[in-house]
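Same chain, two partners: chain A is paired with chain B first, then with chain C.
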Partner chain A sequence: MGRYAAKRIGFALITVLVAITLNFVLFRALPGDAVSALRCKACTAAFRAAQRHDLGLDRPLVTQYGLYLKGIASGDLGSSLRTEAPVRGAIWEAIKNTVPMVTLGTVFSIVFGIIAGVISAWRRGTFVDKITQQTALAFYSMPTQWLALLIVLFVAGAVGLPTSGLADPSIDILGDASTWSILVDRFQHMVLPSLTLGLVLYGDYSLIVRSAMLETLGEDYVLTARAKGLSSWRIVWRHGLRNALLPIVTLVALSLGFVIGGTYTIEFIFSYPGIGYATVEAIDQRDYPILQGIFLLVTFSVIGFNLIADLLYPKLDPRVVSS
Partner chain B sequence: MSGAPVISVEDLHVWFDLADGGELHAVRGISFDLHPGERLGLVGESGCGKTTAILALMGLLPASASVRGRVLLEGSEIMAGGEDTISPHRWKDVAMVFQGAMNAFNPVQRVGKQIAEAMELHGTATGRSARLRVAELLELVGIAGERQDRFPHEFSGGMRQRAAIAMALACDPKVLLADEPTTALDVMVQAQILELLVSLTRDLGLALILITHDLPLIAQVCDRAAVMYAGEIAEIGTVHDLYADPRHPYTRLLFAATPDIYGDDLVVSIPGSPPRLDHEPVGCPFRPRCDAFLERCDTVAPRFRTVAPGRSVTCHNGDPA
Partner chain C sequence: MKRRGPVLQAVLGEWQSRIGLAILFVTLIAAVFGQLLEPYGIDQQVGGTLDPPSSAHWLGTDGGGVDLVTLLIAGARVSLIVGFAGAAVAMVIGGLVGVLSGFFGGKTDAALMRVTDYFLVLPDVPLLIIVAAIWGRSLQNIVLIIGLIYWTSTARLIRAQVKSVRERVYVRRAQALGASNTRLIFRHIVPQIAPLLIANTVLMVAQAIFLETFITFLGLGDPSAISWGKLIENSFKDDAVLNGAWWAVVPPGLAVTIVILACTLVGQSMEDALNPRLRVGHLSVRRFRVRPALRERDGA
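Right after this comes the complex of A and B.
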């Protein structure tokens, strides 16, 4: 176990290093930079050169790389090219908005996806299975932005929930709103984007859980368990789901990794000022430091959650360590 | 064999519903008795209904199957009430070693725990006494008792097979059903397993039904054998009688089709293939492949008749009626 864990952690660290480097190279390899995106009457060639000099874009790549590494090591991700505010603060603001919203949606999809998948596999071929599967497939294959628009158009009005922004701009205008009502307002703004994400992921989960469960329920040890006299609930729980957990954990780790990344289309349609929204804006402005910061963070979180999954596997399946 | 049979099967039928609305008559009325300590071989080609018949005894067929017939366990009918009457006996009185028993263990649970699971469920032993019993069972099949805390993947194929037998013995069953318990094992391990099965029936008085398509294996292990064809028992009798004096042409041809390393006879194959069972066959199902058919074989299905004590056959040859 110790060796296995050390190996996994080692791999994760190497991946992080590679990602850091790629993150640097990628942005230098792209055509154009922040200065070339400037459009103004005063933008003469000399002005642009001066700007590049100020931003350090005229230095040799190796020097830039060194500075970049040093910055990351000290937690400094640079400053936004547009607002000149530190990237760290800007990203932190966006994360604070994104994480609760995406977590809500992901938890929703995991809980309902697993329940639906298990029931569907258990009652294979029945009406319940068919309905569950068709619904899951529909949500799975629906383009996210389209589902989001449908929800804005048809669901939001019916249930009376806000469709844009993080909070009601007028809620605390007099400074007398209670913390509770502010929280409720925040939550209400979160519900629809979360629901959109949750439904899309729900399709994913229930389909994968179903097929993983069907596979294990067809195993010889499940027939043996039946022969031993186990009730079907106990078989599904102790011998089925327990073995189907491996692919499920992988999927959970993957989607949790992307929690921080937010969801570009959903945040954009709901004008939700999270990481996804910030990414789209930064791309628009060619605000490289922000983009780099976001990419780095998403990479770290994906690698981190995968590492957690890797470290969990041996607890779920004793064969993982020895193989 | 003297005394009362431990299990009697009377006119057992199994049908499967097909997706197209039809029915497949997989087991077409089989009957046999099994006495304590007796070893019965069930032999036949793939698809002749061996496994289906045995799964029916355990009440383990899928929902698409319907079963008719009587199964008497020590004189009391266990089939009539469906799941309610079968489940108390399952594993407690009638246990099974499955085809591919190497995969009978859940890979993520310890072997001992899975053996104990059956005991706890049927209330024969719990906690510490279950652990002791598991160790005892593993020793019985030649595995060190402390290995019960290992995971299945830490056992070799042969060990897993033996552990599966230990698991089947967990609740002291009266009847053990073994479906191809030695396929996929090398000959040395195969010999060990067979020896183990024989000694268990001798020492514990266990009755064994061994399913296989391997005739020499039956000859090695079993006292009696039932040759199955197209969902019926073509012939049943002692292994010696079946070999020395086969009454059904299929039995004779089956023995002739078995290679013998000492003999120099050519191995004969039986031409043709078994009939499809999604339509009831007319006449004798073996008629198209038979080398000794009579005129009535085309139209009249032969009956399963007793020709000598413990000896029955489904063939018109020698039937005066």
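Right after this comes the complex of A and C.
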């Protein structure tokens, strides 16, 4: 166990280093640096030269790399080219908005994905299974941004939920709003983006859970459990699902990292000021320091979730360590 | 009578994959003969802003007054080209890495798989954004990016397959008879794994089309190419949603969904035929890939 954990952690650390380096290489070594791509009215040649000097782009690459590593080590990610505010603060603000929204959507999709997947596998070949699978496949095939647009177009009006922003701008115009009403307002703004994310992930998760369940339900110990006369309920949940958890945890953990990166289009359509919205804005403005910061953040979270999944395996399936 | 191969039989035998094939065929026809079918020009302003569907314009017009049927057909062309070309690039890179790694084993394998592992862990969406932003916005770049992002899962799959084929008796005999490595790879191993590679490519086409809509929506697509992704983006930019113009929003996304569904159905029934363990269902986890925006990379 100790050796296994050390190996996984070592791999994660090396990957972090590779990601940091790649982040550096992608932004500096390719033709056209961040400043030449900067689009603004006041971008004269002199301004560009000054910017290059400020960013240290006129120094040798090795020195730049050293400075860059030093910056990251001390948590300094530079500052935005557009607002000149520190990148770290901007990203932190965005994350605070994204995390609750993503959590709500993910929990929704995991709960419904597991229920649908388990029922579908349990009742394999029946009408219920077919309907569940076709629905999941349809959600699996839809472009995320399109689903978001459909929800704005057809669902939002019907259920009367807001489709843009983080909070109602007029909420405290008539005196101070109570904490409760602010919370309710925030939640209402969160529902539709979360629902979109949840539906998209639901398709993936229920298909994955179904195939993982089918695999375990075909095992001999399930047959044994049945022979012992256990109830189907017990067989499915205790013997089936618990053993199917390994592939499910892998895929959920792997996708969690991408979920943060996957909110781009959803947040953009719902004008929800999170990480995704910040990214699309930064792309539009060619604000490279922000993009770089977000890239690092998403990479780290993916690596982090992977590591957690790796470290969880032995708990779920002790065979992992020995193999 | 010539016996059909198991793959063809599987694909033609199930109603899901037959529907999938039919959809792909119709889309392909629309893409190839598109210019003859398009009722108007793709730059031609034939109506007002976001006109609702009428007998002259079955799907109405977009924000620039261009006929949407025309745009939808033109979009099929670009989306399919990007889908197939992107999948082809991924297949070539992934196939090459997989074959080399699986065939030679040892240090080559270790080095190549290490690189693959790093690519697997790196989140592709930010990577894609950076590369698209720096390389510029053109269809070729999108194809390249799609290939660069998706080769890893192909490489893994092919490597595993090559490793097993390589140990089969007929390959060892050919080797003992003095066949060169090149001959072994191209005459004895690649033909064996080709169907799997093709099935994988069909599934990859779906991913590539999906990724193209995503890249385009982020504003990193080719500004001059009309693809389905572009139409979805335009419908958002033209405020079609605010104006309740469902005819500008629904068709392009529906087209993408249907084609992706078709590719998935065909690709999976091919995979099922090639890998009997998958067909049994309870023996192996089918490799559903989480979509580009939120993928899990290598399912199995």
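We take it that the second predicted complex is superposed on the first by the 302 of 323 C-alpha atoms of A that agree within 3 Å, B and C clash if a C-alpha of one lies under 4 Å from a C-alpha of the other, contacts with A are read in each partner's own complex, and residues count from 1 in each chain.
As a working rule, a residue touches a chain if its C-beta (ideal position, glycine included) is under 8 Å from a C-beta of that chain, and two chains touch if they have at least 3 such contacts.
Everything quoted here is computed from the prediction, not taken from an experiment.
Q: Looking at the combined model built on chain A, do chain B and chain C fit side by side or clash?
A: They fit side by side.
Q: Mind working out whether A:226 is in touch with chain B, chain C, both or neither, as first, second, both or neither?
A: first
Q: Comparing chain C with chain B, which touches more residues belonging to chain A?
A: Residues of chain A touched, chain B against chain C: more for C.
Q: Of the two partner chains, chain B (first) and chain C (second), which one does A:107 touch, if any: first, second, both, or neither?
A: In the superposed model, A:107 contacts neither chain B nor chain C.
Q: After the superposition on chain A, what is the angle at the C-alpha centre of chain A formed with the C-alpha centres of chain B and chain C, rounded to the nearest 10 degrees?
A: 70
Q: Once the shared chain is lined up, is A:319 touching chain B (first), chain C (second), both, or neither of them?
A: In the superposition, A:319 contacts chain B only.
Q: Check the residue A:242 against both partner chains and state whether it touches chain B (first), chain C (second), both, or neither.
A: In the superposition, A:242 contacts chain B only.
Q: Of the two partner chains, chain B (first) and chain C (second), which one does A:201 touch, if any: first, second, both, or neither?
A: Second partner only.
Q: I'd like to know which partner A:149 touches here: chain B for first, chain C for second, both or neither.
A: So A:149 only meets chain C here.
Q: For the superposed arrangement, tell me the lowest C-alpha distance between chain B and chain C in Å.
A: Least C-alpha distance after superposition: 13 Å.
Q: Which chain A residues are contacted by chain C in one complex and by chain B in the other?
A: Shared contact residues on chain A (touching chain B in one complex, chain C in the other): 219.
Q: Okay, in this complex, where on chain C does chain A touch?
A: Per the touch definition, chain C meets chain A at residues 117-118, 121-123, 125-127, 129-131, 133-135, 206, 210, 213-214, 217-220, 229, 232-233, 235-236, 241, 244, 246, 249-250, 252-253, 256-258, 260-261, 264, 280-286, 288, 290-291, 293-297, 299.
Q: Contact residues on chain A for chain B in the complex?
A: Checking each residue of chain A against chain B gives 219-221, 223-230, 238-239, 242-243, 316-319, 322.
Q: In the complex formed with chain C, which residues of chain A make contact?
A: 11, 15, 18-19, 22, 26-27, 30, 32, 37, 124, 137-138, 140-147, 149-150, 152-154, 200-201, 204, 207-208, 211-212, 214-219, 247, 250-251, 254-255, 257-259, 261-262, 264-265, 268-269, 279-280, 283-284, 286, 288, 291-292, 294-295, 298-299, 302-303, 306
Q: Name, in rising order, each residue of chain B that touches chain A in their complex.
A: 58, 60, 87, 90-92, 95-96, 98, 100-101, 103-109, 114, 117-118, 121-122, 151, 153-154, 164, 167
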